[in-house]
Amino acid sequence: MSGSTFGNHLKITTWGESHGAALGVVIDGFPAGMELSESDIQKYLDRRKPGTSSVTTPRKEDDKVEILSGVFEGKTTGTPISLLVRNTSQKSGDYSQIASYYRPGHADYGFDAKYGFRDYRGGGRSSGRETIGRVAAGALCAKLLGQMGITLTAYTKSIGPVSIDPNRFDASVIKENPVCMPDSDAAAKAFDYIQECRNELDSVGGVIECRIEGVPAGIGEPVFDKLDASMAKALMSIGAVKAVEVGDGVMVSTYKGSEDNDGFTYKDGKITTTTNHSGGIMGGISSGSDIILRCHVKPTPSISKEQSTVKQDGSPIDIVIGGRHDPVVVPRAVVVVECMAAVTLLDAMISNMSARASYITAFYNNRI
Amino acid sequence: MSGSTFGNHLKITTWGESHGAALGVVIDGFPAGMELSESDIQKYLDRRKPGTSSVTTPRKEDDKVEILSGVFEGKTTGTPISLLVRNTSQKSGDYSQIASYYRPGHADYGFDAKYGFRDYRGGGRSSGRETIGRVAAGALCAKLLGQMGITLTAYTKSIGPVSIDPNRFDASVIKENPVCMPDSDAAAKAFDYIQECRNELDSVGGVIECRIEGVPAGIGEPVFDKLDASMAKALMSIGAVKAVEVGDGVMVSTYKGSEDNDGFTYKDGKITTTTNHSGGIMGGISSGSDIILRCHVKPTPSISKEQSTVKQDGSPIDIVIGGRHDPVVVPRAVVVVECMAAVTLLDAMISNMSARASYITAFYNNRI
Amino acid sequence: MSGSTFGNHLKITTWGESHGAALGVVIDGFPAGMELSESDIQKYLDRRKPGTSSVTTPRKEDDKVEILSGVFEGKTTGTPISLLVRNTSQKSGDYSQIASYYRPGHADYGFDAKYGFRDYRGGGRSSGRETIGRVAAGALCAKLLGQMGITLTAYTKSIGPVSIDPNRFDASVIKENPVCMPDSDAAAKAFDYIQECRNELDSVGGVIECRIEGVPAGIGEPVFDKLDASMAKALMSIGAVKAVEVGDGVMVSTYKGSEDNDGFTYKDGKITTTTNHSGGIMGGISSGSDIILRCHVKPTPSISKEQSTVKQDGSPIDIVIGGRHDPVVVPRAVVVVECMAAVTLLDAMISNMSARASYITAFYNNRI
Amino acid sequence: MSGSTFGNHLKITTWGESHGAALGVVIDGFPAGMELSESDIQKYLDRRKPGTSSVTTPRKEDDKVEILSGVFEGKTTGTPISLLVRNTSQKSGDYSQIASYYRPGHADYGFDAKYGFRDYRGGGRSSGRETIGRVAAGALCAKLLGQMGITLTAYTKSIGPVSIDPNRFDASVIKENPVCMPDSDAAAKAFDYIQECRNELDSVGGVIECRIEGVPAGIGEPVFDKLDASMAKALMSIGAVKAVEVGDGVMVSTYKGSEDNDGFTYKDGKITTTTNHSGGIMGGISSGSDIILRCHVKPTPSISKEQSTVKQDGSPIDIVIGGRHDPVVVPRAVVVVECMAAVTLLDAMISNMSARASYITAFYNNRI
């Protein structure tokens, strides 16, 4: 089967492996007429690049994007947009020993069980490098959403035991610290914690939150393509994510109805909710309040501590994974979460355009 | 758009509203030759029916299923299976006042914002009755999975603050208590807690867990139709679910890599994991270990306490929701979770049949 | 796999067999707010019913449609519309002998080869009765298209050697004669020809043409969901259709470019074509000129002449097919063609609403 | 909407414009383990390249394919296969004047009507160069089909009035003459006819036939993804195709049932048909007989004769289309037809693997 395409109207198809010739994405169904240059995409890709800080891999990845199709005279044409990033820094030699055994916490065994063999270089298709295509596609969607007054802001909410203080929330510092936290103090502590774990030859997990402001009410398609269901798929499909929450998420199972229910009120000329436990989505449809999503990200499975596992033939082996690894994937995954949310939302908004017969007849009478 | 179809190869399309003439599902792509009778389906539907206990709605819902197509001489034919459940007990009069305002915690406002008007009777399409189609479809899938040695067991893990004791886990009591817990003591306490909340005119949430045993390694389609991503969509699409976890779920964000990684070992002639923090899915592909899924379910939004909200025109109103409501939806949602997991898994297993060129050539050389 | 769903945004899923309990369709993604009653659908279903004339089967089929969901207070709600037609007149006894052999020209062998066994009663799922769902769905689409000034007119162009005279074309007589021809003289001759063939215990084929007026330019999604490609699939999926033409169709292979090319001109305030060899579709996108489609329909394979074939075990058998058969399927298929074209066009028009970034931003700024 | 993806299980997504940086295709869902090198693909691409003969464009197109992903150690990995062909010979200057008017017979007006503007260089996305991706994808599918004993043979059946003589059919000469006919005499006459038309500054159409041998019975998914319906979509989506026939195609409308019906017989240990009017597909499912498909291709719309049309503002203009054009597209489209048929068939064969419950259980019991 073909699992590398996401979306119903706006479809993105990512391709590429960690150590192949290149990675990329084809975005099909993106509307015509939006101004687009490589720099619009590059600035998102740069956010997922390993930085110069010691909490990311020392691998150098240039990740320069090339637009191969779908843009003419600086504007999208409505035809498929093909984006390419060449792999330049990958050294296959680093990974050759991995071929013979299954790394704990990795997809190695699953790939072998499924396909009969695997591209073992850097995890092949299961590498985090696969997200390059997602980010490139999300950059386009975020730009168009921005033109409709919709903004997405993802950030690190916690790293291991270090959480941000909601009272110190400052969106302006998210891109200013190596862990992408909206709280400088917490960021400093998280940085120290990561260093500590790395010194123990270990890795660490964390939580990423994404807030989307300006979404009109009415977005989402019951009953299977509800906005929260599509978002859950989008976010859970990111490697290392093991839980997805919407609004108050796991807390709601401990609430009473009177605590959880968001009542409605009328403010500034429109209906809105007085609280937002539901995270902007009720019954799978946006309510007009901010959309709040959270992903729980596991620690990087590649660690330098010795671990026990088996070879392909089942015989035991103790391994130490060499190579250059991020001690934490959370900061680099922040932009991936933001981009997947953007793709999902724009797709749902396109879908909603045909929700009413009156919309369609008005569209074809007026062409807006 | 059309959001009422789920699945890639095996597609289920549910239809019907709370107070319409009927509800149902069309299952397309279900393989030919499986024995199927209405009783196979009815026993699953009966599990989601309100019981006689005081923790479920006193509404009487017969929910008798009729097979309208796709079965001949007691076996599935490979053509679409259409299943119908007539609505018999619904009284629209109960709901007429709802038409004028937006209930807190409900999809009312979203539906109006999207479609311009709504079937306000009992929540219309956003009613829990929509899950009848899901359960009916899941019953078929669970039967076929069972013939391959795969079993799904969903149960209530907690109700409000009352959790099961893992040491007292007893699957045999799940269907024996009104809250569907695998721990009779916890079940009794949960029952009391629900009663207490109901007496306070309030409602309560909880957690549902689903364990799937016997799944072969290799199931799931990277990178967007990963098994966990598809499960997340399936479960988050169930009304009232606000968070989905796989394996250790939200806990992984606090782990170190050395704590989280599942190493491999060789046991009973096959490769397996020594621990199962990953919940049987690594890199989006099944590992052969038990699959563990969890949903966090919010309290029933319909409560008898007075609440503040607005009418369609934005004017404020204080409401008390009458009618017959479940004080908790968790126990009745247990079978829905199990059934959605069954549909998702069977669809993924069908998909996996073409993962290798050698599978396809062997298939057409031998027809198995 | 699941082949009973058609459409990308507006999805129709038909179900049901010739002699099952019922047949029907679920229409998902149909926009909210269109007035709809059972009579809107019934009048289309009545067009496909066998008439009282001697050129159709003497079977009595009431085919009364029931709307089970998706309509509230006389208007579509945007949720799935489930339509049901009970089978009432089917006598399974008529067909029992068919179980043992493969009828020439029928799908019997294919079904057995695929599924391992088949519902042999009246052809099961391969029966013409399957088109009930298509017609019911098409009725809705045609109504909404009509509200946008788009009209579809299908008719019989020829029966065996008897063709209509284009100079005598009169759309008003199509529904007035038993062969659905827009030319009364040709209709009378075709009627006689069918009688003659029936007296020879034989059957006859013909050509159905469909003209769609009022389609705006710009509809169709290159490169695989081109309007002509989607129409070709829609029409070729109708049982007995063996060729599909657009515009001048098969003639174009004999043309020179200077004969085939449709030039553009400016008339009545809009750009249009001076000729219409292309049948209103160029490069897979509507040009604003009338869309012209043609299907070539084979003779009814069930004939009363003796034929040679084999049993399931390969042993030869000479058969005479009893039962009540149409000597020609063309007249009853006319409305099926019209309805499939309506579904395909409306789906493509919905798709086109997001073709431009400016459409989407205008939509969400104004909500039209 | 997103119309550049084809297929249900095996999905191909083509991208690229005539004069963009590159063209290509992503093939998702192609099974793992098939040996694949660039030469496997290049030999198909070379068949669609303009030759050195005077009946094709003098444009030089190298069209060298590069495999960017999905192949490791010479074998497909089961992950998306991304194929790239750089544009090297395109000179945009040739086309700049086209920007201002709508060429007769071209998609120019449709693209403008749809997207608001267009990439006018060489037709942009509507160029025949778009088929590069189709051919590259088809090459892979044809290879795997070949390993199952299935062969596809497409050829030119007629050019204008010059048809092949069925009695002189010789498959071995198809690739030996510039018009791809399986009859050297007809090929010579067709060649002369094309020259004649070109001297008249005109172009010419023709018919392409494709025969598929070795297809097992049972392939195709009723009722909308019937094998003939999918093939019709696949072939009609090729630019310039205006009609698609299966088996006897347009002739069946003139047949009587007794002439058209293919009876069954038992030969060489299997059930087969005595005749093949149905072209190997009955009721949308393969019968095991050869599959016969035919496309009617219009003349190249770009001709050097003067033609009348309009500019974007509706004002009239007389034009002579310069540049380097094929006087006939038929010979170069032969391989495109063959490749689209291969993609469609392999996709349908994968789909059929889950047709029976017994297949699935056997698969997971044995893994074949």
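So that you can tell them apart, the chains are marked A, B, C and D in the order they are listed, and the count of residues begins at 1 in each.
The rule is simple: contacts are C-beta pairs under 8 Å (C-beta built on N, C-alpha and C of every residue); 3 or more make two chains touch, one makes a residue touch a chain.
Computed from a predicted structure; not experimentally measured.
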{"item": "Third chains touching both chain D and chain B", "value": "A, C"}
{"item": "Selected pair, out of A-C, C-D or A-D, that shares over half of its residue contact pairs with B-D", "value": "A-C"}
{"item": "Pair with more cross-chain C-beta pairs in contact, given B-C and A-B", "value": "A-B"}
{"item": "Separation of mean Cα positions, chain B and chain A [Å, integer]", "value": "26"}
{"item": "Rounded Å distance, chain A centre to chain C centre (Cα mean)", "value": "44"}
{"item": "Mean-CA-position distance for chain C and chain B (Å)", "value": "38"}
{"item": "For chain D, residues contacting two or more additional chains", "value": "1-5, 9-10, 14, 29, 32-33, 78-79, 114-116, 125, 216, 222, 351, 354-356, 358"}
{"item": "Complex contact set, residues of chain C against chain D", "value": "1-6, 8-9, 14, 102, 104-107, 109-111, 113-116, 125-126, 130, 158, 160-161, 197, 200, 202-207, 216-226, 228-237, 239, 242-266, 270-271, 274, 278-279, 282-288, 296-303, 305, 307-310, 314-316, 351-352, 354-356, 358"}
{"item": "Residue ranges of chain C in contact with chain A within the complex", "value": "8-10, 29, 31-34, 76, 78-79, 144, 147-148, 216, 222, 349-351, 353-368"}
{"item": "List of chain C residues in touch with chain B within their complex", "value": "1-5, 7, 9-11, 13-17, 20-24, 26, 28-29, 32-33, 66-70, 72-73, 75, 77-82, 84, 114-119, 121, 124-125"}
